[in-house]
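In what follows, subunit A forms one complex with subunit B and a second complex with subunit C.
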Partner chain A sequence: MKTFPIGGVHPPENKLTAGSEIRYLPVPHSVAIPVNQHIGTPASIVVKKDDRVKTGQVIAENKGFVSSNIHSSVSGKVNKIGTVPDTTGYKQTAVFIDVEGDEWIVTIDRSDEILTEINLSPEEIVKKCLESGIVGLGGATFPSHVKLTVPSGKRCDLLIINGVECEPYLTSDHRLMLERGEEILIGVTILMKALRVNKAMIGIESNKPDAIDHLTNLAKAFQGITVYPLKVKYPQGAEKQLIKALAKREVPSGRLPIDVNTVVHNVGTAFAVYEAIQKNKPLFERVVTITGKSVSNPGNYFVRIGTPVKNLIEAAGGFPDDTGKIVSGGPMMGKALNSTEVPIVKGTSGIILFPSNESKRMDSMPCIRCAKCVQACALNLEPYLLMTLSEMGLFERAEKERITDCMECGSCSFICPAGRPLLDYIRLGKATVIKMARERVLK
Partner chain B sequence: MSITVLITIISLSLLAMLAAVILYFVAQKFKVIEDPRIDEVQAVLPGANCGACGFAGCRNFAEALVKAETFEGLNCPVGGSSVMEETARMLGKEALAVEPLIAVLLCNGTPEFRPHTSRYDGVPDCRIAHSLYTGETDCSYGCLGYGDCVRACSFDAMFMNNETALPVIIDDKCVACGACVKACPKNIIELRKKAKKDRKIYVACSNCDKGGPARRACKVACIACSKCFKVCEFNAITIVDNLAYIDASKCTFCRKCVAECPTGSILELNFPPRKFKVEEQAEVKTV
Partner chain C sequence: MSNLLSVSPSPHAHGKETTRKLMTGVIVALLPALFTSIFYFGYGAVIVTATAVISCLVFEYLIQRFIFRKPITITDGSAIVTGLLLAFNVPSNLPVYIIIIGSFVSIVIAKMTFGGLGNNPFNPALVGRVFMLISFPVQMTIWPVPAGLSTGYIDAATGATPLAIIKEGLKNGESISQLVTQIPTPSQMFLGNMGGSMGEVAAIALLIGFVWLLVRKIITWHIPVSVIGSLAIFTTILWLINPEKNADPMFHILAGGVLLGAIFMATDYVTSPMNPKAMIIYGCGIGILTVIIRVWGAYPEGVSFAILIMNAFVPLMNTYFKPKRFGEEVKNG
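Let's turn to the complex of A and B:
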């Protein structure tokens, strides 16, 4: 079975919700839709207070190439243009909408019929992805139309579909593959057409045998799509690691997958592309896993963008008494929230409620040079060294040690027997080095 | 035997002479002419190498002083005007009058006024906490309290007050080198003009949120009610981004704004106790 060669860790999987079917979370009474849900320029708002909007209507338009449209996820009246805290607690501009009914814009095809025929040309597909606000749903939220536009001078001959879901606890992609397998494969075919490639590889970790079987059976009817089981290892879902595991291509330091003729998209994105192209449905809802060991009713939900996290927690049976931490995203790379008013955005793959005895950090002890972090690093870095350099403020040296290559997967902090806050310092050093490099360019 | 000794002495002497000749020419070729005044000036400077002047250390600053046409833009905040005058006298230049400065913390959010709403168990380092989230309170602008500024201070002029969870600046020791200003990720330390007897009036708040959220997060937040702006007769107060700011160069220390502030976000420090009459007026207004 394939996997990436260097580093990696095996955190306990805890996929508690793997067997629970995706349900629809009731539409909330009001939503707050942030205008910056993607990497790049925030969208500019095109509605004003007291405007009536329908579900699927554009409320903020993309600004520039690396940007994305934002659509209303509900129908109702714009209450205000205000601010809402994001996962870091800092306030972000958002459109607040009071929900009245659930009236969708007429162009959306709401039937259950699966449409296999792809009528649009590659250029039209890319344009439609931009208009429908499709961004990478794996978590990085990079606008998909940018990835689908192969820069001149570059060539793409392989599409990789990421169904790895290597983060513990999360099952949103897993359930989507089981329940919307055919739609995903049509989405993959659309992506292949847009990129003009005739080969696509879907990588799924072997802890999801049902999804592997299901997609393998379905893929027989599609040309050029092959499903590959992968050995379970974190961080296999990282773009560069997945390319290495599946295609044996190594993306050089500081380069992009397109430099090795590859483009990677998530299965969630493939599903969103299917809905956008075949059903005219823009991206205004996504699958979110709500889970945790003491949560009474964990599950997977289709959640409208802008729904406060607290609604999802209520649907899962409310806060367990011993909740110590609320994490948005997976336990390895997710962020702890300090408010339940935080809205679900395009990049939210899960909400995890950790009991207090599991949410504590270890006390940090001195480094004993056991080099477990070096073994765990999938990018061939030396985390213990990068941490020390960053702690000491030796950022020039840290830059030479390729601190900017770090993808912040957290394997080093996870594996460290001394409980050292490796990633915290590396992240600080990385941010400082990037800032230094930018200032150098400006000079 | 004696011949061996003789040969040794002669050959060594020849070698020494040859080396001397080579060294003489090398020394001529690579001669560095250094202004002797640099050493003299450096001796006068405090020698803290704190970098407050903008140069890497005192030696670099001394070089810059010697080279400079005028002293414009060159100042040693640690040594202050006495050192600058001394160096000016040595170099036969004119010292520019530089106002002495002092660091102040633009936050007064003690746990009493600014309740904690979450708990941070990560690395006790302000830069790291700042990169992760807003902090343990609802105020995303105020002091995080992990003491990056205290660690940055090379003059022992700061310490953390454990009760208020805020850093304290010791007026007598602060030399306004600005290390804490640079270290603070929230940018809430300001270098202000030093006044007589270290008197200070300033808005001890950095919250740019509107009045409501600011007040909910912290009882002593500036809510931009503009009462101080109206009462100030010297146009020293401006309100930008829902936050009042007192211009130290225009402030006359009349203390009217302090009495007027409904949240008590304007602090007056090192003043003698208020006279009875003023006190009474202040009370009537705040009731």
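Let's turn to the complex of A and C:
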């Protein structure tokens, strides 16, 4: 079975919701839809207070190429343009809408019929992805139309579909593969057409045998799509690690997958692409896992973008008594929330409620130089050294040691027996080095 | 639900491995060798081990309590490991006061003066051992012979180690084929039925410990295999050149402290390199230096010195031997 060759860790999987069918979370009474849900320029708002909007209507338009459209996820009246805390804890601009009914724009095909025929040309597909607000749903939220536009001078011959879901607890991609497998494969075919490639590899970790079987069976009816089981190892879902595992191609430091003729999309994105292209449905809802060891009713839900996290927690049976931390995303790379008003956005793959005894870090002890962090690093960096250099302010040296290669997967902090905050210091060093490099360019 | 939620950067999960668990793992790995020493050397082995472990713990406590004035961390297990290894590296008839002096040198001078756990450049137990060897050369080179679960301690029957027999014999002009009758057979040596430091004699017990360390993922294979491998290759070459002047590789591996050194002393986290490439070079350095000292040096045994010499190169190795980074650009011609 394939896997990436260097480093990696095995966090306990805790996939509590792997057997829970995706349900629809009731439409909330009000939503707050942030205008910056993607990497790139925030979208500019095109509605104003008291405007009436329908579900699926554009409320903010992309600004520039690396940007994306934002659509209303509900129908109702714009209450205000205000600010809402996001996963980082900072406030950011959002459109607040009071819900009245659930009236969708008429162009959306709401039937259950699965449409296999792809009528659009590659250029039309890319344009429609931009209009439909499709961004990478694996968590990075990079606008998909950008990835589908191969820059001149580069070539793409392979599409990789990420169904790894290596983060513990999360099962949104797993359930989507089981319940919307055919739609995902049509989405993959659409992506292949847009990129003009005839080969797609779907990578799924072997802890999801049902999804592997299901998609393998379905893929027989599709041209050029093959499903590959992968040995379970974190961080296999990281783009560069997945490309290495499946295609043995190594993306050079500081470069993009397209530099090794590859493009990677998530299974969730493939599903969203299907809905956008075949059903005219823009991206205004996504699958979110709500889970936690003490949560009474964990599950997977289709959630409208802009729904406050607290609605999802209520649907799962409310806060367990021992809740000590709320995390948006997976336990390895997710962000701890400081408010339950934070809205679900395009990049939210799950909400995890940690009991208080798992919410605190252990005390930091002296480094015993066991080298477990070096062995765990999937990029063969030396986390102990990067931490020391950042701690001591030796940023030039940290740059030479390739601190900016770090993808912040957290394997080093996870494995450290002395409980040292390796990644915290590496983030500090990385940010400083990036700033230094920018200043150098400006000089 | 408590009103206060924790907000911290990722990761929000930890692997549950701790320093104390790792040290406990090393102690467990040392137990087979401890039991065989007690089996061969009896009462003396118990006294030496207890004295070394207790005095290491006391010295560490005193320094932390009265000089560092920081939280006491003697329960992390590192001082116990140092104490055990120190005991394993001395004869089982060593007087208590010398062991206490050795423990003082190990903990106070070799470890705490550099800032405590994680900061010492040299293996503390070996610094203590070499200090004792140089300061008390007579007591440190009188080796009890295995006598079952004897109650003898200072008064135990003594004899020379196989390495010393070979060294002396060759110096007196005898050949290996003449000396071979005076040394234990390979199977006796494998089971530890020979004179030597209390923890180094039984290859079988040390190898059991090695397997445990690998299974428990406390160490990787790189250092032990490169130490033993380079030593085996070097001694094979010498043996093939002149089998009458040089002992065979099997003898070199089983005699003396090679296994104890390769498995437990050279792999000490704090004083060994941090990446596989440097680990292999470090291990080969130890193997080759050991043979040089054994064959051409004044001492019959050279493992301790070889490890300490290579310890000194570890910071340089960490700086100059880097793992190949993922995505490192391959230089084109």
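We adopt the following convention: the second predicted complex is superposed on the first by the 443 of 443 C-alpha atoms of A that agree within 3 Å, B and C clash if a C-alpha of one lies under 4 Å from a C-alpha of the other, contacts with A are read in each partner's own complex, and residues count from 1 in each chain.
Here is the rule we use: a contact is a pair of C-beta atoms (placed from the backbone, for glycine too) under 8 Å apart; a residue touches a chain by one contact, two chains touch by 3 or more.
Nothing here was measured: the structure is a model prediction, and the numbers come from that model.
After superposition onto subunit A, partners subunit B and subunit C are found to sit side by side with no clash.
When the two structures are aligned on the shared chain, A:344 is found in touch with neither subunit B nor subunit C. Among subunit B and subunit C, the chain that touches a larger number of residues in subunit A is C. In the superposition on chain A, contact is made by A:335 with both subunit B and subunit C. Once the two complexes are overlaid on the shared chain, A:374 sits against subunit C while remaining clear of subunit B. Legend: residue contacts after superposition of the two complexes on their common chain; A:91 is shown touching subunit B, with no touch to subunit C.
With both structures placed on the common chain, the touch criterion links A:320 to subunit C but leaves subunit B unconnected.
The three-chain arrangement built by superposing both structures on chain A places subunit B and subunit C 70° apart around the Cα centre of subunit A, to the nearest 10. Look at A:361: by the touch rule set out above, it reaches both subunit B and subunit C. In the superposition on chain A, A:190 makes contact with neither subunit B nor subunit C.
In the superposed model, A:427 lies in contact with both subunit B and subunit C.
Figure legend note: subunit B and subunit C, brought together by superposition on chain A, show a least Cα distance of 5 Å. Within subunit A, the residues touched by subunit B in the first complex and by subunit C in the second are 89, 335-336, 338, 360-361, 424, 427. Interface of subunit A with subunit C (complex): residues 6, 9, 11-12, 89, 168, 240, 244, 250-255, 319-327, 329, 331-338, 352, 354, 356, 358-362, 365-372, 374-375, 378-382, 384-385, 402, 405, 408, 410-411, 413-419, 423-424, 427.
Across the complex, subunit A is touched by residues 117-118, 121-123, 125, 127-128, 131-135, 140, 209 of subunit B.
Across the complex, subunit A meets subunit B through its residues 85, 87-91, 335-336, 338, 360-361, 364, 421, 424-425, 427-428, 431. Within the complex, the subunit C residues that touch subunit A are 1-2, 5-15, 17-19, 21-22, 73, 76, 78, 116-119, 220, 269-270, 272-275, 318, 322-329.
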